[in-house]
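In what follows, a single structure is set out as structure tokens and then discussed.
Read from first to last, the chains carry the letters A, B and C; within each, the first residue is number 1.
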Amino acid sequence: MRANVYLPKLTKVISVKEEVGGVRSIKTFRTQFLDGGFTHKCGQCAMLSIFGKGESMISISSSPLVKDYLQFSILKMGRVTSAIHDLEVGSIIGIRGPYGNAFPIESWKGKNILFAGGGIGLAPIWSVLQTTLLLKKDYGDLTLIYGARTSPDIVFKEELADLKSKMTVHLSIDVAEPEWKEFVGFVAQNILDKKPSPVNTIAITCGPPIMIKTCIKALSEIGFKDDQIYTTVENKMKCGIGKCGRCNIGRHYVCKDGPVYSWAELRQLPQEY
Amino acid sequence: MVKHEDVRAEAKKLLESGKVKYIIAYELGADGWKANPVFIKKPEDVDKIIWGPTCFHNLVRFVVDEKRRKVQQKNPDTRPVGVMVKGCDSRAIVILLQEKFIERKDVHIIGVSCEKTGVIDERKLANKLKGRKAKNVEFGPDENFVVTTEEGTVDLPASEIMADRCLECIAHVPVITDVLFGEKTKRTVPHPFGSVEKIETLSSEDRWKFWSEQLEKCVRCYACRSVCPMCYCDECVADTITFAVSPDTTAEEKAQKIKWLDKSPVISENIFYHMVRAIHLAGRCIDCGECERACPVNIPLRMLNKKLEKEAKLLFGYDVGFDPEKPALISCFRDEDPEDFIR
Amino acid sequence: MDKILAKKDFPRWLEALGAYDVYAPQLIDDVWNYELAADPKAVSLDYPQTAIPAKKIVFPQREFFFEFREADTDDYKLKELLPEGKPTVIFGVRACEGKAVTLTDLVFGGEIADDYYWKRRNAAVLVGLACASPPSTNCFCLSVNGSPHSKEGLDVLMTDLGDQYYVEILTDKGKKLVSEGGAIFHEAKPPDKKAAEKIHADSEKKLARELKNIKDVPAKLKGMFASPFWDDESMSCIRCGICTYLCPTCHCFDINDEVESQTPLAGRRVRTWDTCQFPDFTMHSSGHNPRPDKAARLRQRINHKFQYFVEVWQNYQCTGCGRCITLCPVGIDIIKVVEKVRDHAS
């Protein structure tokens, strides 16, 4: 019998790591289901339940090839995410999912992949990045252009240092800092600076809404076609299954028909997100 | 008698001279007999303006919208908006002025006197007509209304179909205007708090039973709050997240906001919402009756507010919404204010 | 197959339905609403239109999802709180409400079905009442692919023939419900059928309002997304929830945790109606709001009903009951708005 779709599965937090401290804190959590669980595809999300506070839809940033845990990176923003930040190793939460559509990574085999992320936006595309790294022989060149406002705001700092030996990584921060040797400016500007080739390449971009808009513009400028650019959108969500009516963009529900969209698809929808 | 042509002429003058941005007035709705709010922006549209017994709306509500709009704009047009007001509505403007929510120069007040009668109550009229459909409602020559249905016209005494609040009205001529239409008739109201006194005769238990039954019906559509000109708070007790959030509001601040009300329309939350709203309107509610009219399940909401208006009068000698220079009720005191609750 | 039920026998049918929760329209404080019928003899089907439509019985304004309780430290027990699914019958359902339920069925069904909705829906028997004359001055069901005697979504359709009801059994659930009444039902005869058919045909001529030629409205709306049209139309909107809460087809909801005890932490996850017309409906935690103003929200309501829902389900998300028009405190008229869209210069 199919389980009640609104009932979360009890899950244990097995690790908590602070990526970014301070007021705009970001923490990475790894979770393990107490009983059963689900497998996911790159780009899908899950509803995390903090009983007594509510639910929050978060992208699953671990690769589907990793079976031991699910990984989520969460920016502390409001009531539920503040409660998530108070979790410790061993805390029990609820998780239901996986929700949404996936990045069509099967159809990208043989292509180069360009990841363009800003701030917390690296988390939703991290699952694709990790998967393509693990299946490196199936894909072409992998490039990451990632930036944050300041160097402390960079997420996955250790993982990025490690990544440099495995793929091309260009980092940036918005405003110059004394120790910073790499690009200074916005991610979109870094894209124009590094001019990655659009030939046989798919670009995936994610970050704050303004960054997504400027990056799509920059990518188009250097020759990427609308169907070569992918992004993942967010909206306020409650049910996660396309029934409560909250997250719609036109006729689509972001939780069900999204959150992954090519720019060719997204620009057809009303620009209301 | 208030003539449409006179009001229209004034409106036209104001728009042609550019003195006002637009005029908030009444027009005839799609059904052909009830009024609706309308925003007249062009002089050629003034012929839409009407005045009649179905002009029950408190148009000052839209003066609040205009203020909200101005706050969002970088270079707002600072000309006033014209607004048609009845006596009760004009008292709402007084409250907004007392609270410094708007300035006097923000409104050009087009007052309309209710003369001998006020506005009708749609439900009372429907009950009287017993299935016949109203096609037109006009003020009669005396204290009556002339109602036309598909069967002909019928004279109905005002006392039978007038809105409850009009039966207790203490300001049938606007108290603050830039221009006034209609005569400054004198009307005496024998029982300005009659409806409240009737409930006060019930025992404590019966009163609790009455209000529990009524507030059980509430579906928390918030029409009562939405239609009230004085419910202009950006951050309302009833809404946990309709509060002023800026990019600088920290997660802690959001996380620590107290959730006063659950969204569930159950009796505990409903009573809390309505009682808090009534208390927040103490000394501010001017009994335009819109909350009660807007309520889709017919809860006698204005009585909650009227009770507090009575308290303001009896305990503190305070007349709500007459003098814009006077301070708000809860921001002033007199030495002789009662102290028997201090033990 | 069709039956006749004398009006004087109608209470006897209700008395035979002891195993059901029986809902019927009742007048309380001048407002009609579907309520549990305590006294079969007091139930009358002679009524205009309820304020709250029949959707409230299959999709109540508040229902529980599950209970959560902190057991030991960092261990929780969850208890699913599915509705009982007690057999329920609703009398007096208008055609527009029956059709509306078929639309909410589409939303709550599909690949991922909503168990709470379906528990109630499957247990509910909808007994329709054909509209001999329009229950509201704002009815326009014919304009949105409906009719005053439509059978969509209904299990039984009753037509008032004066001193008796013409009873058409439409589904197995309806058959069972009628059989509970036993011998009080008689076989309908050809003249009865003709009388019912005449009432149905005549009812179509009596609708006061129409929304004509709206075939191209979905495409028109697509082109009007950025138009200042919505600013003008929404100027008098006071952003309450009446139009959507009282709409038979609207289905938006909120999910919240209601805490009953802090230590140990215990409470319930609760679903309540919500509306796209409230300013904070789409507001993100960050404060970013995709629909920050009334114009955007009115545009969403009209677009959802006359464009998006059509694109997904090939049906208008409106059954022409007119409640939003009748009960809007400022008289915003969906017929007028859609007509203006239809006639808007491209």
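Observations on the model:
Quick note on the criterion: a contact is a pair of C-beta atoms (placed from the backbone, for glycine too) under 8 Å apart; a residue touches a chain by one contact, two chains touch by 3 or more.
Computed from a predicted structure; not experimentally measured.
Between chain A and chain C, the least number of touch steps comes to 1.
Comparing chain pairs A-B and B-C, the larger number of C-beta contacts belongs to B-C.
Taking each chain's centre as the mean of its C-alpha atoms, chain A lies 39 Å from chain C.
Separation between the centroids of chain A and chain B, computed from CA atoms only, is 49 Å. Chain B and chain C have Cα centroids separated by 31 Å. Across the assembly, chain A contributes 77-79, 81 as residues in contact with two or more other chains. The multi-chain contact residues of chain B, meaning those touching 2 or more other chains, are 254. Counting only residues that touch two or more partner chains, chain C has 254, 256, 274, 283, 285-286. Every residue of chain A that touches chain C in the complex is listed here, in rising order: 4-8, 10, 51-55, 77-81, 90-92, 94, 209, 234-236, 238-239, 241-248, 250-251, 270-273. Residues of chain B that touch chain C in their complex: 29-31, 34, 36-39, 57, 61-62, 65, 123, 127, 133, 214, 217, 219-223, 225-227, 239, 241-242, 245-247, 249, 254, 262-266, 290, 293-294, 296-299. Per the touch definition, chain A reaches chain B in the complex via residues 23, 25, 76-79, 81-83, 85.
Interface of chain C with chain B (complex): residues 28-31, 33, 51-52, 61-62, 137-138, 232, 235-236, 238-242, 245-246, 254, 256, 258, 270, 272-274, 278-280, 283, 285-287, 325, 327, 329-331, 333, 335-336.
Chain contact summary for the complex, chain B toward chain A: residues 250-252, 254-255, 257.
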